[in-house]
Every structure is written in structure tokens, then in C-alpha cells.
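Each chain carries a letter (A, B, C and D) given by its place in the written order, and its residues are counted from 1.
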Amino acid sequence: MRQIITKRLAMLVLVLFGVTLITFFLSHVIPGDPARMMVGQRASEETLQEVRRQLGLDQPVWVQYFTYMKGLLAGDFGDSIRTQQPVINDLITFFPATIELALTAFVIAIVIGIPIGILSAVKKDTGWDHAGRFFSIAGISTPVFWSGLVGILLFYKVFNLLPSSGRIDLMVTPPPTITGLFLVDSLLTGNWAAFSNSLWHLILPACTLAFAQLATVTRQVRASMLEVLGQDYIRTALANGIHGPVLLFRYALRNALIPTITVVGLSFGSLLGGAVVTETIFGWPGMGKYVVESIAFLDFPAIMGFTFVISLGYVIINLLVDLTYYALDPQIKE
Amino acid sequence: MNPLLAVNGVSKEYTKGNHRFQAVSGVDFAITRGETFGLIGESGSGKSTLGKMVTGLEPPTSGTITYEGNSLWNGNRFNRLKPGEMQIVFQDPQSSLDPRMRVQAIITEPLLALPAAERKEKGSKERLLALITRVGLKPDHLNRYPHEFSGGQRQRIAIARALITDPSFVVLDEPTSALDVSVQANVLNLLQELKRERNLTYLFISHNMAVIRYMCDRMAVMQKGRIVEIGHVNDIFVNPVDSYTKTLLSSLPQLHEKKEDIHV
Amino acid sequence: MSGTTLKTESLPAARSAKTVNPFWYKIRRNPLTLLGLFLLLLILLLSIFAPLISPYEPTKINIPERFAQPSADHWFGTDEVGRDIFTRILYGARLSLGVGVAVVVGAGVIGTIIGAVSGYFGGRIDQLIMRLMDIILAFPALVLAMAIAATLGPNLQNAMLAIAIIKIPVYVRLARAETLALREKLFVKAAVTFGIPSWRIIVRHIIPNALSPVIIQVTLDIGDAILLVATLGFLGLGAQPPTPEWGAMISIGWKYLLDYWWYPTFPGLALFLASCGFNLIGDGIRDILDPKANRS
Amino acid sequence: MLLEIHNLSVEFESMQDRVKALQAVSFSIDEGEIVGIVGESGSGKSVTALSILGLLEKNAHISTGSISYKGKNLLSLSKKDWQSLRGKEIGMVFQEPMTALHPTMRIGDQLAEVIHRHRSISYKEAYRQAVASLAEVQINDPELVARKYPFELSGGMRQRVVIALAMSAPPDLLIADEPTTALDVTIQHEVLKLMQELAQKRGTSIMLITHDLGVVAQVCQRVVVMYAGEVVETGTTQEVLHSPCHPYTKALIGALPDLAEQGQPLLAIPGESPDLRNRPDGCVFAPRCSCSLPICREDHPVLEPAVSGSLTHQVSCWGRNQ
């Protein structure tokens, strides 16, 4: 077990190194010139050169990379061209909002997705199965930005049940920052007004995001459940008189969930991607909204910082997924 | 008489992570031209690994394998002395035929390794038709796919494929283990006839004592990577020396105590 | 409990069953796949015959008629410069379907070749390629596509390139996994013993036999690629106005959502239907072809 | 009679085909008896077994016949009654020991779960009995093995565990479908002996499905020979193996290399097994039979005494008296 962890950690470092390489060099093959963006079109050539020198853009690429890496290891992602703030500060500000949204969506997708998947598998080729599959396929086929818009149209404009944007009403004081997650912080401080208000704001964006992720969960649960139910050992169990819930949950579901964990873990990545769009639509003050605004500005330090942090999170989640997998499947032991 | 195939001190060791596994250790035997040599053992005895080393699928860790006096392995490189000279028929005809190819393409595939002139000569339509009829299939089977055939027919296709290059030496790796008894009889008969007609030499790998006894002239009994007994089939069956051979023989379920009892 | 008994017990019968193509039989039995097929055919026909169906031009500006409500003249209404939204959606279908198919098929072909070669030969190069793919996969797909499209410059070609790059690793992994399994198959081993050169084995045996999972993946990915193209368009990183691209249309239209609901709604609906069509078909084909999902 | 199968026919529906997997199969098994069901692939022997347990697939249906177990017809049982019958009254051992056990459940738990279900005792007590049952199938150090996962055991060990599972109730009838086919000969020998001893000790009847006549000769008292979903011959092991009457049985024995002289061709059966969708009107074996008569192609034979007056030895062949 320790060997696996060491090996995976080494991999993680290697992959992250690759990530920095790609983001860095991507931002240096660009036709756009960040220095020009910063000083504006009408600035003089001298000012431009001066800014270039300040940003280190006159150095050879590998020197720039080295400087960048040195900063990165010290937690310095450079300064944002748009906000003129250190990128790391910006990210720290916006990070909790994204996590709150993504985790909530993730939980919704799992809680709804697993039962639908099981139902689909057990009632294969019946109306239940078709309905369950259609619902989940509709989910991945719906662009997040569109389902968000339709949601706003219905629940805000027509029924006026839910807010259309933001994390919390302006009139409500946000809870003091402990974890940065409004729901958790307001619970911890017993601020019920803030809790219900932020929950109310969270529903629509989280459901929109979850709907897009649902299919990944249902599909995988259905497929692996079907596979497991077709295995010889299930037939053995049946022949030995095991049936009903014991067969379904103790014998089948457990094994069906092992591959599901991997796929669901990996889908967290596309959840983060979806969060970018969701935040834009719902004016959710997270990293996604931040990066979309940065893109319009060709704010490369911000884009790179965002990409790096998201990838870091993603890689760590994958590591956790792998470790869970090893822990659950006794057949992999080395 | 010089042996056709000689295996000298051959060992094979697999390493997987920190584990080492000795599949074959220090095996010697020789096969003379025209004989059928049987290799028998249970799963994990190393008999199939030996087959792989002879046919070029796995290099031995140590030892030499020579064919007509020439070494087959040069380090990890297989010296294909004469393409098509040595062929193999595998156990499972379900997996040994490419499901996406027609029978004609399957049978003529070994010719791809031959020089152009020889390829043309050996791949002529007449020869192909004669061969397919000889193994008991029909000419119109050539346009079909493997899944349209039964297990026995597929094994006939595999045999035709092995013979298209006119080999002198054929490795038969459990050729009938996946077949029903009545089909096995057909295939064994065919193999016997072909051997006589074409002057073939067989290396017959099997776990089935009865099949080895019926098919082979000489045999070697393998256990855990080693040869524990080698000799003429009749000697071994009548007078087994090694204790493992004795266990093998006594485990074989007997149809009748004495074979005279049968009145067919 | 599966087909095992049926498979072993009725082999001779199944062997000569030639009267009905099992593939079409199963497609016909699955209403969802049929629905997908119908959707796709509908969209395809509408986009092909767009000029015959609609009297309008997709990019012609007609200010007096701006923000017209959906009516008999303008089925889906008009946009902020008076273009007929239905017409733009029809022309947009050509673009979305074409781009989606092209990107995924391109990524599929390249990825399969890399995966098959890498998996067949193994060794250091294989390790290197796989690590590279790990790195690409270490980015959330949309985020990487955004980063690539943003750096290369916002236009349709770059968006396509970005999506192809994020899709390739999926095919490399898939083809490699298939190849590793195929390499152990006896018919590949047989070809090795015949002395057939490796490249020829890859072309003759490996790639044809690795194809069905790749095809399933391609069908499933086209729907996703169509959405990705639109998403990049929506974020301003894909096709630029006035190209009638669905995502770009929504990108402008969503600002008018609360007053002119039809503007972003109908392109989104088209996007949903197109993507859904491919996903339904992909899901159906997988259920039929994938032996894993097909046992019970 | 413990089990009596009468006139059982099973059809599989696939695509638009109808495959008649079983055609009017009848045989019986007495208390404490070991009966071998012999046949090649496609003969319907596994379908028969699955019919008895009610584990046939959805696309299969039983068109005629009855299966009576201890006097009650199994085919009229409710789903619930079936479930209480499986494992408790009738146990089953499958062919593949590699896949028959749950891969991520410890051996002890798999056994205890089943014992817990059948004996209405606490799980803890069931676990204790599970360990004891491992000892009974001659597994050394049963406590240790109970804590292991299937992948940590050899094929022979796994098959012993599968047998322990199937015998845990203990059932009155054990159906063993090719229980030793996947095992090496030396292990096959031990496993067969174990089954035989357990059956004797507990008075369990065994229905042993196999393609191997040698296995039949070793353990069975009676044999049922099946071909293309029909019973073609039945009798005591002695009768069927020593004086086979049906041409198919004769050919099956003659095809074995075990008894053949080297250099002499084996007695092979020409042709292919028949198309189960279109059964011939006459005898199913007639197209491949070396001694078929004109009547064989027109009329279907039925099981009749092989030698006049024989109660045990029966054969379905027009030429039985020739």
C-alpha cells in the first residue's frame, strides 16, 4: 500500500510538472502580446519595452519558465494584468465559491444518479429503464449554459421562486469566513438567515450543473450493475438461495460501485469545467467567472494560475479515487 | 540420425515486479524427423511456455534451441531460418482465427512472410482448393467468416493455415482440448493422415494422457517446469518410473478396467 | 445469468442464423435509439435543404423586423438585427454537425493509430506517450480547451483544434487497452509465428478488431463535441458573429433572455436535440456492441 | 423417487428464431443415487439443470412437461417457493471455479451468508459452522482459508469451497455441472472422490453433468445419454458403457482415444450436430447415423427397453433389435 502511494505521488509531481510546462509554453506561443494589452494600443514603444522588461518578457523563454516555476513553488502565480492583484490572492478569494457549487452539484448527481442507475439495470429494457436512460442522456445533451437560461426563465421570470444570480442577497450579511463555504460557515455561526438565503441561491446553479453530470453516474452504475448481475458468482449465489435485497446490495452493488468510483471521480473534472459556464450564467463569484473575464483580457497569469489550481485539484481527486479503489478491491494487492 | 529439433538446457524465468517465476528449468529433449513427440503436463507445468519458445513467441532465459543444427534464438531475436518451415496449431480455434477476416484470407496469411515467387506458387488457387478439400471443408467455405463454423471446422481451418506453407515441423498446442469428443476424433484422425501423407514431424502438447498415448511415439512428462520422465510412450504407460507419472496415470478415470470388455 | 447457457447450448443454430441482421433487430427493439436516429435524420434533412425550407438568408440584416415574436413568418422569431432565427439555426446545423463529426473522427483516427502502435510495441516510447496523455487528461477537458483556444486566438479553427487535442487521449487509451488485449489473442500470436512484420499485424489484425469500441466512443463523443464547440462559442472562444453558430447565437442572445425569451431558447433547443440525437444513438450502439453491457 | 422429470421441453426465443433446446426429456433420480448426464455441447444437459433450479433465462420457456421433486411439481411453484428451495433442497456446483465465487467477499462470509439463510441461526454461529464446513471438504487450516479471498486460492481449493457452499444446507439433491472440467486430472480425481464421500455420508443424490465418460465410469451408478436435447439412452453405468445400444453412445465410446490402438483411426461421427431450430421428423441422430433405416428418417423413436424385459436399460432407436 505504501509503495502504491509513493508511486502515485511521484506520478502526481510528474504530471503537475507537465501541466506547468504546457500552460507556460501555451501562453508563450501566443500571437497576442500581454504587454501590449497592459499598456494599451496608444502607448509608446519605450513604455512597451519598459513593461516587457518589468514582466520579464525580454528574457529567453527557459529563463522565464525558471522564474515562473520559482515563483510557483513559493505560491506566487504572478500578478493579474486585469485586477493588478497577485493572482494567488484572487484565486483564494474565488476558490471557496467554486468548491461550494461543485461539491453540492456532485452530491446531487450522486444521490440521484446511483438509484436511477440501479433501477435502470434491475428493470432493464422496461419503461423504467427507458425513462431513466432518457433522463440521464438528456442531461449530458443539454448545454449547461442553456439549461441555466431555461432555469432562470422558468424559476425566476415565470414562477419567481428562485434568484437568478449571486451567492447571497445584498441585504443579507454573509457569514464570517471560516471555510469560505457560505453554507458551512453560516451553520457554524448559527446564522440561519444567511444559511437559508445562500441555500436558496445555490439551488438553481447546483441543479443545473448536477443535471449535466448525472448521466456519467447513471450510465456507469447501470453498465457495471448489468455486468455484475451477469457474472457467474451471482448465479452461484442465486443457486444457493441468496435473493432479494441481500443479493442486490450485499453481492451485486458493492462490486458494481468499484468501477463507478473511478468514473465518477474522473467526472469531477468535467464538473469543474461545467462550473466555469454555470458561474458565468448565474453571476456566481467563483474562479470560473474570474477566468472567463480574464480570457477576454488575455490575462495570462490569471489564466495560467486558474488552470494550474484546477488541474492540481483534479489530480489530487484522482489520487484519492485510486486509493479508494485499492482499498475496496482486495484483488489488487502488491 | 541428427535430431530435427533439439532443446538443450532451456530455462525460462518470468519476472513480474519483485516476483520471479521459473516457468521452465533446464529442459533437454530432441525430436527426430518424422516422429510425433508428446509433451504432457498439468496447468503450470511449463509445456505451453516451451511451445512458445520453439515457435518464436518467447525467448528462453538460457539454453539453446536448434532446428536442423541452427540456433533458433540469438539473444532475444528469433532467427526465422526459413519462413513457413515450422507452423503451429493452437488450442482454441475460437480465438486463433481473426473474427474479421474471411477464411481465404486466414488460410493464406502465412504466405505473407514468404518471398514473392514462393508466395505466388504456394498460394495458387488449385493448391488452396486442394488443401481446403483435404482438411474436410468445401470450396465455398472460403468466403465465409470464422463465426459461421463449428469448433471442429474452425480447427480444420487452423490446420489448413498451418499447412499452406508446406512445413516440415508442426507444433500442436492442445489442438483438441476445446473440442467435443466426437469432433476430437475427427481432428486426431485428420492429423494422423496428414502426417503420413506429408511426412510431417509433430510436437504434440497436451494435458490429456489418452490423446498423447494414442498420437505419440515418444513423450516427455513435465511437472513444475522440469521434465520428470522421458521415453517411448508404451514404456512410460506400461512401466512408469517417476512417482508423478504414476499419479498422473492413476488419476486418469478409466472407462473400463479391462478393454476387452467392450462390445461395440 | 446471461447468454452463457444459450451461447453454449444453441451454437449450431446461432451459427447459421442469417435471416435477420441482429444489429438492426436490436436497434428496432430499442425505442430510445430509434428516437435518436429520427432526431438526427430530421436535423440532417433540415440542414441539407435549408435554402429550400427557409426564404430568408442567415446573415442578412433587416433592422425593421428586429426582435419579432415567433409567428407564422418567423417561426422562432428574429434577433437583434432582424435575422430569422429559424433560418440561422438551420444553417448553424450544417456547421455544428460538420464540425462535431470532423473533430471527433479526426481525433479518433489519430488517437487510435497512436494507441495501437504504442500498445503493440510497448517499452519506453509507450511509457512516454502514456505519460503525455496523462498530462493532457490531468486538465479538466473544457478548461484545457478554453486555455488552448484562448492562447491560439478565438476562432472556429482553433476551437476545433483545441477540442481535437482534448479528445485524442481518450482514443489513445481506448485503442491501447484494446491492443494490449488483442496482443494476447491467439490469432495475433499465430501471425507472429508466421513471421508477419509487426506493422502488418497492426494494420491487418489489431486496428480492425479494435474498431468497434472506438466507433462507439466516436458516436458518444460527437454529441459532446457539438456541445463543446457551442460552449467555446458561447464563451467567445469559438466561431465569431455573424457566423450562425448556435453557441455564438446564445452568447449574444442570453443578454436578451428576460425580454425576448425566444432568442437564446431556440438555438439552445437545437443544440440539445442534435447532441441528444448522437448520444441516444451512441448509447444504443454501445448497448448492442459492447459485450460487457450486453450480457444480461 | 426424489426427482422425476417427465416429457420436459424447453424453447429459447432469440431474434425471430425458436431454438428447441430440450425435446421431451424424461428421467428420474432416486434418493442417494449418483446419476450421470452425459452429452456433448448443445445436447441440453445444462439447460436441464437450470430448468430444475428455475434459473433459465428470460428468453427461455418450458413448453411441456413436469419436474417433480419429492412429489411436488416444481414448475407450478411461486417465485418465493423457488427461492426457499434453491440451495436448501437442491444445491448446484458450476463448472468454473474461477468465476463462481464472489471476488471481493471473504470465503468465510460467503459461506456464512448462505448458512445463515438456510439454518435460521445467528450470523456469528453461521460463520462458525462455515469454518467447520470448510474442514469437511478437506481444506487444511479452515480458519485461515475462511479469511481469504477467492483469488488467493487455487482452482481445486475454490471448487472445494463451491462444493461446501452447495452442500451447506445440506440439500437432498446436488446438481454438479461439469464440476471438474476446468481442473487438472490429479485434482479432478480428488474432487470427485470428495463429492462421492460427502454424498454418501449425507445421503445426498447427485446429478452429475459431464462430457467425460471416464468420470461417469468412476462415480456414477446410472447414466443418461443426451444428444441434441433428447435422451437417447439410459441405464446403469455398467449397461451403457459396456453394452451400449444406441449408435450415438457407441460412437461416443469409440471416439475416445483411451482404448484405441495406435495407428488405427478413431471411430468418428461424420457431419455436424443438428440445427435445433428445425428438428427432423424422424430420429435426430439419423442424418449422422451409420446404420440408419428408412423408418429412422420418418418417425421419431421413443425410449423402450434395450433388451426385452430390462427395467433399467432403455434406448430410443429403431434399430435397437438389429
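As a working rule, contacts are C-beta pairs under 8 Å (C-beta built on N, C-alpha and C of every residue); 3 or more make two chains touch, one makes a residue touch a chain.
Chain labels with UniProt names: A = Peptide ABC transporter permease; B, D = ABC transporter ATP-binding protein.
Not measured: the values here are computed from a predicted model.
Touch-path distance (fewest steps) from chain A to chain B is 2. C-beta contact counts were set side by side for A-C and B-C; A-C has more.
Comparing the centres of all chains, each the average of its CA atoms, the largest separation from chain B belongs to A. When each chain is reduced to the mean of its CA atoms, the one lying nearest the mean of all protein CA atoms is C. As a whole-number value, the distance joining the C-alpha centres of chain A and chain C reads 22 Å. Chain B and chain C, compared by their mean Cα positions, are separated by 47 Å. Note: centroid distance chain A to chain D, computed from Cα atoms, is 54 Å.
Multi-chain contact residues of chain C (touching two or more other chains) are listed as 1-2, 11-12, 16. Looking at chain B, residues 150 sit in touch with two or more other chains.
In chain D, the residues that touch at least two other chains are 41, 55, 272-273.
Residue ranges of chain A in contact with chain D, taken from their complex: 231-233, 235-244, 246, 250-251, 254-255, 258, 328-331.
For chain B in complex with chain C, the touching residues are 55-57, 80, 83-84, 86-88, 90-92, 95-101, 109-110, 112-113, 147-150, 158, 161, 165. Note for the complex: chain C touches chain A at residues 1-2, 4, 30-32, 131-132, 134-136, 138-144, 146-148, 150-153, 223-224, 227, 230-231, 234-237, 247, 250, 254, 257-258, 261, 264-265, 268-269, 271-272, 275-276, 279-280, 283, 290, 292-293, 295-296.
Chain B makes touch with chain D in their complex at residues 42-43, 150-153, 180-186, 188-189, 192, 207-211, 213-215, 233, 247-248, 250-256, 259, 261-264. Of all residues in chain D, only 40-41, 155, 184-186, 188-189, 192, 211-215, 217-218, 241-244, 250-260, 262-263, 265-269, 272-273 touch chain B in the complex they form.
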